[in-house]
Amino acid sequence: MCVEEHHHMQLGIIGLGRMGGNIARRLMLNDHTTVVYDRDEASRATLAKEGSTAVADLPAMVAALDKPRAIWVMLPAGAPTEETIETLSTLLEPGDVIIDGGNTFYKDDIRRAQSLTQKQLHYIDVGTSGGVWGLERGYCMMIGGDAEVVKRLDPLFDSLAPGLGSIPRTKDRTATDDRAERGYIHAGPAGAGHFVKMIHNGIEYGMMQAFAEGFDILKTKGSENLPADQRFDLNVADIAEVWRRGSVVSSWLLDLTADALATDPQLNAYSGSVADSGEGRWTIEAAMEQSVPVPVLSSSLFARFRSRQQSTYGDKLLSAMRFGFGGHKEGPK
Amino acid sequence: MCVEEHHHMQLGIIGLGRMGGNIARRLMLNDHTTVVYDRDEASRATLAKEGSTAVADLPAMVAALDKPRAIWVMLPAGAPTEETIETLSTLLEPGDVIIDGGNTFYKDDIRRAQSLTQKQLHYIDVGTSGGVWGLERGYCMMIGGDAEVVKRLDPLFDSLAPGLGSIPRTKDRTATDDRAERGYIHAGPAGAGHFVKMIHNGIEYGMMQAFAEGFDILKTKGSENLPADQRFDLNVADIAEVWRRGSVVSSWLLDLTADALATDPQLNAYSGSVADSGEGRWTIEAAMEQSVPVPVLSSSLFARFRSRQQSTYGDKLLSAMRFGFGGHKEGPK
Amino acid sequence: MCVEEHHHMQLGIIGLGRMGGNIARRLMLNDHTTVVYDRDEASRATLAKEGSTAVADLPAMVAALDKPRAIWVMLPAGAPTEETIETLSTLLEPGDVIIDGGNTFYKDDIRRAQSLTQKQLHYIDVGTSGGVWGLERGYCMMIGGDAEVVKRLDPLFDSLAPGLGSIPRTKDRTATDDRAERGYIHAGPAGAGHFVKMIHNGIEYGMMQAFAEGFDILKTKGSENLPADQRFDLNVADIAEVWRRGSVVSSWLLDLTADALATDPQLNAYSGSVADSGEGRWTIEAAMEQSVPVPVLSSSLFARFRSRQQSTYGDKLLSAMRFGFGGHKEGPK
Amino acid sequence: MCVEEHHHMQLGIIGLGRMGGNIARRLMLNDHTTVVYDRDEASRATLAKEGSTAVADLPAMVAALDKPRAIWVMLPAGAPTEETIETLSTLLEPGDVIIDGGNTFYKDDIRRAQSLTQKQLHYIDVGTSGGVWGLERGYCMMIGGDAEVVKRLDPLFDSLAPGLGSIPRTKDRTATDDRAERGYIHAGPAGAGHFVKMIHNGIEYGMMQAFAEGFDILKTKGSENLPADQRFDLNVADIAEVWRRGSVVSSWLLDLTADALATDPQLNAYSGSVADSGEGRWTIEAAMEQSVPVPVLSSSLFARFRSRQQSTYGDKLLSAMRFGFGGHKEGPK
């Protein structure tokens, strides 16, 4: 980050959860001014102590911001985001900007942008990756919306992004737009930011499942279900560690894996019931709209669906058919 | 079956489980003579009462059969079959035939046939489909081995096979070998019979999983996890029944499904833990040797693997990574 | 079909393609009266010669039908069906029934039914399986909508359905509603018919792909890419034929496979570029809404996507990565 | 690397291709002595100029090495490696070590180790990752065999490995064996090294395919097959670049992707025909032996199989079935 070169800006932030709170903090670390709101009063108070101007409702936020205003909505996708933007659209004035930094479905962005345009309001969608590490590492941002507005907000994005950091530059890269190297891009018109973020998450699911399957084989190679002379009692923590340097699978997800396995190689802390959010599903929908075969991305999603069930009706039907043709009685698990 | 036209033959049968016993019975119904052995004395006694000559050990069986002898081994694949054939090879005489009707891996057939040839013994592998229904419906048989020997045993295969039955003949079929229409084929040299049967089972897994997934969606469309206005409370028994006539998915597996659902639409009798036998795995191996993409056959196998586990190490690793980057805590199942 | 017992009814039919024309014919064979329309004059003339009353536009059809009218729309899903129903809704009178027999997405049915109810019009969705064989075999029908209206139209459904035929009755079936056994069901409220048909097609894709993969292995087992001593030159036509009797995979799709292979075992007549229609995709969407893992149904869909491409951008990216880490140059196909 | 602390050792290297040559070079950079052989004279001459002792055949290599000898075989897996080790086993003396650094199937390692033990020769298997970048980045090594022998050779492994480098240490890691952090592990007895490397490659396939599918969706989102108002013309080079910093999918494979896309975003240089080596297949075999569901790893392998074909027999069969039931004629690609 180049603190010296950029303008100090003011941003309204709605939603002070894990993401919204840290976005405010990272901006303040870079000398920007934040006006914050959360329906939870304690969250507001916390940020106020750290330097934000906390307000008690949306009209107060609008009143507290200089024109043209910029407000970053960082709420759960769906109704909370939708209703907040709806309300803001009645409070804001032509030229103001609403930024949706959540995990909104990109087609909702397109619809909203069209609707807000009629009120001369700007809508910017920001797919934001970085999770709990964003405050420290910076946020990787994929931005959709009007190019000029994205430009206007550049000091904010520049401060939130990771920057070049210690990661080596891509050899042969000659692109003139250096924002990608600093960790954010203007992906295209409204919706394009969340579209790219959605695909990011789809890929993330696939990479995670690749590691999950591989480590499952490594772990069960020591299982007593195998004949003794076919077993290896492998040290999965060491394996994750060694792959971090010089191997083809080195990655941040592997770093996290090594971290988890260093202290809990049996992973006893986890039930194995794995949630999924909208992006994984929307990625499959997008693939179907575009006739792209995505066996890995879909298998990754389905593995999560399956992880949350003890047994499926489908499995029982398999047993029923097996009983039907072979008289096989399937024993209990 | 054309009982009038064929020779009445004599067959030794080793292994009187569900399959072996019924093979003896179906042959006797067609006026063939059977000499039977099973290590379980009660099984031998049962068949003896039904008309078989029961013998107490393998030498007795060899002594009881006319030359050239034909012995059908109907035992679990692997060691039981292997050891029995090994023993027989020391007892039989040039020109005798060993038939393996079990679920042997086809490469074992090839090896055995080569080894037995050195003793001038014949080896025939018979992939046998039909399960508990074979006695009534007849057995669909895929036969590997020397064409002349297969010819010699034809009266046996003809009697065991379903025959033309009430199933309409394939229009445009002009093949001169009518055995396929009567329910058995000479697939090729040793191993070819079990190879074709192996693929049959691979396809069977895929078809079963297709039904399993489809009925899972039908069933869960009534789930309380869905908003009330998106639910249909579908009658799965009626759906299976209606598809039996005039639909594209009509099949024997659907008949069995309709059967199972008619009395237990919740499938409460089944745990949902589904076994798999060697053929499904060998099918994937064959596909890999031949570079054939088999996403459906492999997914069907993996669904069974997964059905037998409460949770996997891989799923726990997904949770661990999610905790690592997002601070997500995965709740219990 | 029990021609004697049912009332002879009158039905309007819009769309005289392969399906609509044969529906008219099968109804006339059962002494029902049909009033038909197609924008193609020749199609109308053909049906008129066969006994239908052909009309030149929708107002003429409405005028020609007795009240309460019943009109079966048999058009491509999407705009053609939507616009036709929209027009009909302005021409029909309270109590009249619109039947959509096409491949409509079930959520469109729900929306339409709600909208038509406001005009006191009835809407019935009929998922119709049977393809080009329906005239002869009868149509398997899955019906959604108001139970009373479905009852009123029963003579039509009864005539169109396959009836019990020669297919053995499901043992243990005790359901009192015998429509399923005669080839049609009232699946539930509006949309339920097309929902069940959609899943039928999803399963169909999975079964087809299971056969495709299995026969691919059988065929390539004779490939010159394998060492000579590992090849079997298998007769795929005979294999399809033999499985038709007594095997677990016996099915109508196998009958069709045997038919195709009897005259063209190399399948040279086909390019291998395989289309898919909406149902396969909607099935995956439904599975995602209900969190049902569907690896086989999705893999089947993706195999079709892939079949229509020479090479994918994704594959090229794999090559690019391989070149990046290993210096591997991927040769031309 | 800690050049000062380790002994300088001597190593024989057989096979001076991309990997073997650079292994010799990296060892010499660290003051080890190398005796090299390749059947290609020019390759030997090149290394000789760079400081190796080049020998003309295996007996000469054995003669040139001090006892106890250590010879690293870096040849294609299968016959070339097998035959070389066979020959070495007749030339070496008790206490000598053969290291197989290639991509050998781990069951072959187990067999060889047992056989060589009878001659009092040691066998060490080293799964080696790093590709063309190994000279610069170091090689990530997974080692199987006798612990004492691995210890004896430690100076070599230490020099070849990447070392701690600039990669942050895993927090909470308390393992006392720091070799994993320096880029190599003793995974277990003979075969364990190649087993772990095999799984590494399986995971690699899955990660690569995840990226391939994701970028395919990104790229085709701009396709003219989509309605104009649903297209985004995305800059894939910028997307790959932006994800390198702060995103969850940051990884070495993404770095390589960014590299490739920086200069050729259409990937026109690649045919899209993707090879696979043994490890991907062996990983699936291992999963099947251990009953581990691996939908992602298998789908990744099958995508490569598919990439090498214009059309499959299976796809043609789908078309044939579709023609059978629906009269659909599939057009040319």
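In this document, chain identifiers A, B, C and D correspond to the written order of the chains, with residue numbering beginning at 1 in each.
What we mean here is this: a contact is a pair of C-beta atoms (placed from the backbone, for glycine too) under 8 Å apart; a residue touches a chain by one contact, two chains touch by 3 or more.
Note that the coordinates shown come from a computational prediction; the quantities given were computed from them, not determined experimentally.
**Q** When you check each chain against subunit B and subunit C, which touch both of them?
**A** Looking at subunit C and subunit B together, the chains touching each of them are A, D.
**Q** Treat touching chains as neighbours and tell me the shortest step distance from subunit A to subunit C.
**A** 1
**Q** Computing the C-alpha centre of each chain, which chain sits at the greatest distance from subunit A?
**A** So the farthest one, by centre of C-alpha atoms, is B.
**Q** When the centre of a chain is set as the mean of its C-alpha atoms, what distance in Å lies between subunit A and subunit D?
**A** For subunit A versus subunit D, the centre distance works out to 31 Å.
**Q** Express in whole angstrom the distance between the two chain centres, defined as the mean CA positions of subunit C and subunit D.
**A** Between these chains, centre-to-centre, one finds 48 Å.
**Q** Subunit B to subunit D: how many Å between their CA centres?
**A** 40
**Q** Which subunit C residues touch at least two other chains?
**A** As it turns out, subunit C has residues touching two or more other chains at 131, 209, 211, 213, 216, 220, 248, 252-253, 259, 291-295, 299, 302-303, 306, 308, 312, 314, 325.
**Q** Draw the chains as points, connect those that touch, then say whether the picture is a line, ring, star, complete or other.
**A** Topology of the interface graph: complete, with all chain pairs in contact.
**Q** Any idea which subunit A residues touch subunit C in the complex?
**A** 248, 281, 284-285, 288, 291-295, 298-299, 301-303, 305-306, 308, 312, 314, 325
**Q** So in the complex, which bits of subunit B are touching subunit A?
**A** By the definition above, subunit B touches subunit A via 18, 131-133, 208-209, 211-213, 215-216, 219-220, 252-253, 256-257, 259-261, 264, 267, 269-275, 295, 299, 303-304, 306-328, 330-333.
**Q** State the interface residues of subunit D toward subunit A in the complex, per the touch definition above.
**A** Going through subunit D, the ones touching subunit A are 129-131, 134, 137-142, 161-168, 170-175, 177, 179-185, 187-189, 191-192, 195-196, 199-207, 209-211, 213-214, 216-218, 220-221, 223, 225-226, 230, 232-235, 237-239, 241-255, 258-259, 262-263, 283, 286-287, 289-297, 299-300, 302-303.
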